[in-house]
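The following block contains the structure, expressed as structure tokens.
Labels run A, B and C following the written order; every chain starts at residue 1.
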């Protein structure tokens, strides 16, 4: 057999439309996920009360269930339970946001807790007002430490975005399926799609690895 | 003169708790925020509908669900087992100073780690037969895809585990004149595997959840069963909720197993 | 509220260019700048501070010594509110604890602390480490804060490192930056929590030298330390704490000549 590149080129418009939707899905999910993650992180850091309980349950559940289940659940059950109409994209975005939010909550929490306690004590002992203790001392250090994990979550969200094709979101995997079905050129098309995802994810993962090495050196 | 109670009240504003000064402010914020959340959810949910949910069908269909769960566990376990073997071999080969081989291995590992499982699945099931002429069943494709991906992740974990074995072990084994196979099988690998256990457990959980993807190919594991029953009974909510709970239980099971393994391999002091 | 509030300008050993105080000349009329009464701190069943009475006069230099776990650091940290306490009271420069949030913040502005592990902010330059608090806690402008930072860093002898980051400095240099950072707030009292315990031997003396110079300016200081030689020559009074109580407190000559207290005797024999 020979590798038919023309089929890829012929279908670039459709594939590109899929890419656009993938990117949109990823960005929306990350954005909403960050908000959810911050709230859940706050809950877990408080270590007591209702919000903490809800946050802990949320994180445990989301990390213990396949993303597919969440997606299907929201897609099928959402409209019925919430009594509204839910587009595929909205269902996918919601479920991915919930999923990402749980991981982000743990990352935020780990980052903040990793800042040595002496930093907060020193800042407070100097009389620095509490908001500045957080804004100038704790959070800058926490953020630096979170970067590899944040990159990790981003790659995770990109990989999970492919599942949205199962509920009808016309992102890249969906388009690849459609186009492959028409031309029966599954091999070429999915190889191309695979390479595309690789080109997206691999540099990010390299960046995360490099940053981890920098951090490890600094910790010494 | 006795002054009871703590001296310093809780921090103002954002009450992130990392200092000792938590007390009431944290509980208050937690409670208020929690109530607000619960209220919002309560308000949004259509409770009339929820009451109509019929969870009895779970008792009707528990057998196929249990079978699906068993298949999930089976596929995950077997693909991880094969992946572990392959991964360890790859990690050992990585130690050899053969340039091209290392590049090949690194390429393989990075390729399978940095592409989505769903793409790999479709590629193996639909694309590979075109290349090799062999048509694989859904189950075979699913197993193959999972194994290939797990071998890549496990190769990396194994490499890290091997590197974490103290240098002195290598030196001692060589100084004793141990043959290479003994060095690896009896000295290095047992220690590396023990070090790997936590990372392996994490991977096992993520693959347990990842196996749900195989439902897209109707492989017969839990997700497939769930989809089939949902279509058949038109009661997706009940089924999906149940399936979610089953996955949670499976996750707990695997996590417990991992902890047991960690403790079982600990050396009593 | 405390009764006699001393005028803040009189003989106040403020930082910056420091005025030499003369506590002896005032004798018994010098009011306490720190007064702890019946201070008790519990951690569950363990009592870290057992009804401790502790006072420091203006311009006095007090060294607290004793075995680990004796409560020295805990006592120090209750003074600026880093530790809470269960019973008793503390009055610092007229401000009373237990109090509200505002009281603690006011106390922290007047009380500087130097930690055993320096706790410099690693993501800021030396300059910013020292200038941050005056800007945020006293409302100084950036130029004022920077000028003050330069002055203080020159004083502790590391003006040339001003644009470096903490991780590029040695332990002794970092601790000196930490001292400058605390001084930048122009506190009335300086607390030192084992300032040299985390330093390699060759750097201990450079830090002790800086602390010695600070003593010469008349600053009120409370120093928890294991450096008995330093305590002997620099302190007005040495306090021996053990098991959460103050067992002995005396000026250095009497302290080291102690024969009555057995715990102190055994402690001294182990160290000296």
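Points worth noting:
By definition in this document, contacts are C-beta pairs under 8 Å (C-beta built on N, C-alpha and C of every residue); 3 or more make two chains touch, one makes a residue touch a chain.
A quick note: this is a predicted structure, and the numbers were derived from the prediction, not measured.
Following the contact convention of this document, A is the list of chains adjacent to both chain B and chain C. Across the assembly, the mean Cα position most removed from that of chain B is the one of C.
With centres set at the average Cα position, the gap from chain B to chain C is 51 Å. In this assembly, the C-alpha centroid of chain A lies 16 Å from the C-alpha centroid of chain B. With each centre defined as the average position of its C-alpha atoms, the distance from chain A to chain C rounds to 48 Å. Counting partner chains per residue, chain C shows two or more touched chains at residues 81. Across the assembly, chain B contributes residues 11-12 that each touch 2 or more other chains. Counting only residues that touch two or more partner chains, chain A has 121, 124.
Chain C makes touch with chain A in their complex at residues 80-82, 105, 108-109, 111-113, 115, 117, 119-123, 132-133, 136-138, 167, 178, 181-182, 185. On the side of chain B, the complex with chain A involves touching residues 11-19, 22, 26-31, 33-35, 37-38, 44-46, 49-50, 110-111, 113-120, 122-123, 126-128, 130-131, 205, 209-213, 215-216, 223, 226-227, 230, 236-237, 240-241, 243-244, 247-248, 251-252. Within the complex formed with chain B, the residues of chain A that make contact are 1, 39, 42-43, 45-54, 60-61, 64-70, 72-73, 76-77, 80-83, 112-113, 115, 117, 120-121, 124, 130-131, 134, 138, 155, 158-163, 165-166, 173, 176-177, 180, 185-191, 193-194, 197-198, 201-202, 205.
By the touch rule above, chain A contacts chain C in their complex via residues 116, 118-119, 121-129, 132, 136-137, 140-141, 144, 218.
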